[in-house]
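The following blocks contain the structures, represented as structure tokens.
After this come two complexes, each holding subunit A, first together with subunit B and then together with subunit C.
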Partner chain A sequence: MEASEVEFLAEQEPVTIIPNFSLDRIYLIGGDLGPFNPGLPVQVPLWLAINLKQRQKCRLIPPEWMDVEKLEQIREQERNEATFTPMPSPYYMEFTKLLLNYAADNIPKADEIRTLVKDTWDTRIAKLRLSADSFVRQQEAHARLDNLTLMEINTTGPFLTQALDHMYKLRTNLQPGGSAQSQDF
Partner chain B sequence: MFLTDFRKEFYEVVVNQRVLLLVAADVDALCTCKILQALFHCDHVQYTLVPVSGWQELETAFLEHKDQFQYFVLINCGANIDLLDVLQSEEDAIFFVCDTHRPINLVNVYNETQIKLLVKQDDDLEIPAYDDVFREEEEEEEDSGHESDGSEPSGKRRRFEEDIMERTMKRRQRREWEARRQEILFDYEQYEYHGTSSAMVMFDLAWLMSKDLNDMLWWSIIGLTDQWVQDKITQMKYVTDVGTLQRHVSRHNHRNGDEENSLSIDCMRIAFEYDLCLALYQHWSLYESLCNTSYTSASFKLWSVQGQKKLQEFLADMGLPLKQVKQKFNSMDISLKENLREMIEESANKFGMKDLRVQTFSIHFGFKHKFLASDMVHAVAALMENTEKDDSGTDNFIKALDSLSRSNLDKLHQGLELAKKQLCAIQQTVASCICTNLVINQGPFLYCYLMEGTPDVKLFSKPMSLRLLSKYLLRSFICSTKNKRCRLLPMVMAAPMDLEQGTVIMVGIPPHTESSDKKNFFGRAFEKAAENTNSHILYNHFETSSKYAALFLCVFICLCVLCRCGEPVNLTTLPLQR
Partner chain C sequence: QGTKLELPLWLAKGLYNNKQKILSVELPTVYKESWRTVFSADANVVDLHKLGPYYYAFGSQMLNFDSPENAELAQTILQTFISRFRRIMDSSQNAFNEDTSALVARLDETERGLFQAGQKGLNDFQSWEMGQASQITASSLVQNYRKRKHSELDA
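Showing the complex of A and B:
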């Protein structure tokens, strides 16, 4: 899966907005939306929220976890523990990225939030690399990782499988029979 | 007719339609177009954008598209001609005209159905009353019909005489009215000038609908600054409009100082500044900027050796090391930059430059991007009149339009480089014109003709650049000449436009004085001169005061005519100053 596809999935997540227009409930295949009343918060999927925001039709309310204190806590916890800690949202990275790109003016202390989320992400990715390294070194057959998000799996997945592939090739080529075979070509 | 409620009468009319945007090629028009595009984007309005740089292009663009559209929006073009007559439009076509050119054509003003003017009415428009200018034509015909009726039954001699009396009275009245009409029209159309920037008018519309964004505010600031850089409005008007915009700026940017609720660094902030009016100095070196700004170079007389010395003196007075001054402004010592503005202003006052600082605005976003409004104007104008590659005009237009949005910084930087080149070229041309005495005092006006083969002459084949050049030249000339009378004279400047066709572009600018009201009478003067000499003048560029003369030599004849017989717009008799 590509990063853009993961982002696409993340856009289904609900987010609260305060619209400045009124519209009746709309019925879509994915579910009903609305009704929209000026000044009244309403939950919509992220894709719609961003579209409305770009057209100056709403104000975005950042999700609860997107708060400097909470994120600092999460970051500390992530740094202190050896295993992965649960994240506030399965799409925390994509969410932050989209919100900060399109609605930075609706999010208080946007710069700090960006740094905190990036720190957390970096810590987690470092852990992931370390565990992948030890997994390969100890030549384990299987491993179990909890609390990973889809985006994280996708950043490391292709790399790890390819690396294992290469190593497998190298190892099989070390066998005397294998090397002789490759000389034939 | 003038619209009073732009939202109801303009925006809500076009919002469900496809519209054709016809945009003139100047910076203010570009900014207006940007604001309108942003509004249309919010409401999913379909539009087609066609850049037009002159009357001919306007006509062809209209012909091409008139079948598909009912609503046309004209930006910075069309107000000062009889649109319906020029375009030969259908009955159902409706034109919304947002234009800074004044005087507005009276037919446009009094057309109730097809022409809607998006113009701020608090500018002193001084529109003559309807009855003074227009009169029902039928009256006359009815009169003549009555005449034939009345003459048939003979015998009633008395009645006949009365009839004659009445008719002569009417005729006399009509003649008087005609004479008065001519006078009123002459007074009204004599001067060309500019009204409130279109970008500001459009921003007001956005504000009215509470869809105004910081970006739109920035564009309207650029639109206003363009008028100031091009010297289209008086200092008074500029200061008043800056005041208006400043209120909007503080409304939009009040969150900057707020610790609790601070904005992300990537968001755009607009700040009101009292900054130096040195061209592009933040993207150049201070030295080069001082050399290439018309105000400083004219005051120092930089084209002479003495002037160069004076500049060195000035720098020494400020206590700025040459090494620092000649390197990029960004890399200058921070300690020097801290109170640079005050330092420069103080020294400038000693050297007799009182107006080196001016109220303007700047934007910041990210950590390193900072632009002054005048920087943007120079860059965008340079992009639009880029002559380097043989691109078509449309390409340059689109590039200039793109450079206004924050996501296209590379284009903006390209524009800044071009603007630097242009300013250097202007400065060199001014210096060579003054050193070789190319500016000729013709009596009622000054005149300068750039010969073919002058370096950079190609740059000046575009109206905006030539205008800028002639302003700079006039300013420098006034500083260099000893003749005091010259200070009150207007200037005509000509440059070859197209060598193959042998055309010349001419610009006339009003005299450069502090109290000048920036009204330009050359439009009518050129017209008259062309009439007298039968030369072929193309009314292009939307401003009659800058136009092409098709026959090469006729320019000189025009000028001679202007000097000698100088008909109604006799330059010597015109009140050059008010």
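Showing the complex of A and C:
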């Protein structure tokens, strides 16, 4: 999968907006949206929110977790614990990027939030690499990684699976009789 | 009888037969005891590409010939891969927009494939983060297209 495909999936997530126009309920394959009334908050998918925002038809309400204090807490927790901590949203990285790029004026302290999320991301990627290394070193057959998000899996996925495939072939060599299989190496 | 010959692997494999002892195979130096101790000391400093660009694949093929050292050989190849894994992972996922030829120079061919996979993951993510992923570019297949386009023919 590519990063832009992951972003596409993230755009299905709901966010709250305050429109400045009025429109009846609209009927889409993915569900009904609206009705839109000026000043009344309404939940829409992220893709529509960004589209409306770009046309300056609404004001975006940032998700609850997109707040400097909460993110600092999350960052500290992520740094202190050895395992992955649950993230406020399965698409936190995509959300931050999209919202800060298109609706930075509706988000207080946008720059600080960007740095905090990036820090959390870096910590998690370092952890992921560390656990991948110990996984290979101990020659485990399976591992459990909770609370990883799709984007994180996506960055190391192809590399890790290819490495494990390769290691599996080398391991079958160890078994007597495994040498017959190694012909189709 | 008793002559030492260098044969390609495919021929040696064809001639090698358990029942009739037409030939016996001597391990290449890289897979012998003395090199195995080098690998177990520190596999990271060894230039696998110089020793034989297909260290892992060729080593696995050598197991087809029943030699008493088979078990140790298989173990060494596996351990070599495990100890080199971390370095490949780190270098492939941190070198963004850099000249990678120095990093790749010491890697075996299979390791190079891995390195490429790691680089692709990194590059994909970085280009998304910088907002370049939404720009539409020509597919790599089309870029290599050798045929002349209609527009060029008309001109």
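Keep in mind that, in the parts below, the second predicted complex is superposed on the first by the 164 of 185 C-alpha atoms of A that agree within 3 Å, B and C clash if a C-alpha of one lies under 4 Å from a C-alpha of the other, contacts with A are read in each partner's own complex, and residues count from 1 in each chain.
Methods note: a residue touches a chain if its C-beta (ideal position, glycine included) is under 8 Å from a C-beta of that chain, and two chains touch if they have at least 3 such contacts.
The model shown is predicted, which means the values in this text are computed figures rather than measured ones.
Participant: Touch check for A:7: first (subunit B), second (subunit C), both, or neither?
Facilitator: second
Participant: In the superposed arrangement, does A:55 touch subunit B (first), subunit C (second), both or neither?
Facilitator: In the superposed model, A:55 contacts subunit B only, not subunit C.
Participant: With both structures placed on chain A, which of the two partners, subunit B or subunit C, ends up touching more residues of subunit A?
Facilitator: For subunit A, the partner with the higher number of touched residues is C.
Participant: Now for A:169: first (subunit B), second (subunit C), both, or neither, which partner does it touch?
Facilitator: In the superposition, A:169 contacts subunit C only.
Participant: Regarding the shared-chain residue A:156, is it in contact with subunit B (first), subunit C (second), both, or neither?
Facilitator: Second partner only, subunit C.
Participant: Regarding the shared-chain residue A:133, is it in contact with subunit B (first), subunit C (second), both, or neither?
Facilitator: After superposing on A, A:133 lies in contact with subunit C but is clear of subunit B.
Participant: Look at A:33 in the shared chain and tell me whether it touches subunit B only, subunit C only, both, or neither; answer first, second, both or neither.
Facilitator: So A:33 meets neither subunit B nor subunit C here.
Participant: Now for A:145: first (subunit B), second (subunit C), both, or neither, which partner does it touch?
Facilitator: Neither subunit B nor subunit C is touched by A:145.
Participant: Please give the residue numbers of subunit A that touch subunit C in the complex, ascending.
Facilitator: Touch residues, subunit A against subunit C: 2-4, 7, 97, 101, 129, 132-133, 136-137, 139, 151, 154-159, 162-163, 166-167, 169-171, 173-174, 178-179, 182-183, 185.
Participant: Quick one: in the complex, what on subunit C touches subunit A?
Facilitator: My answer: residues 56-57, 60-61, 63-64, 70-71, 74-75, 77-78, 81-82, 85-86, 88-90, 92-93, 110, 113-114, 117-118, 120-122, 124-125, 127-129, 131, 133-134.
Participant: Can you name the residues of subunit B that touch subunit A in the complex?
Facilitator: Per the stated touch rule, the residues are 41-44, 210-211, 213, 260-267.
Participant: Sort out for me which residues of subunit A touch subunit B in the complex.
Facilitator: 20, 54-57, 100, 104-105, 107-111, 114
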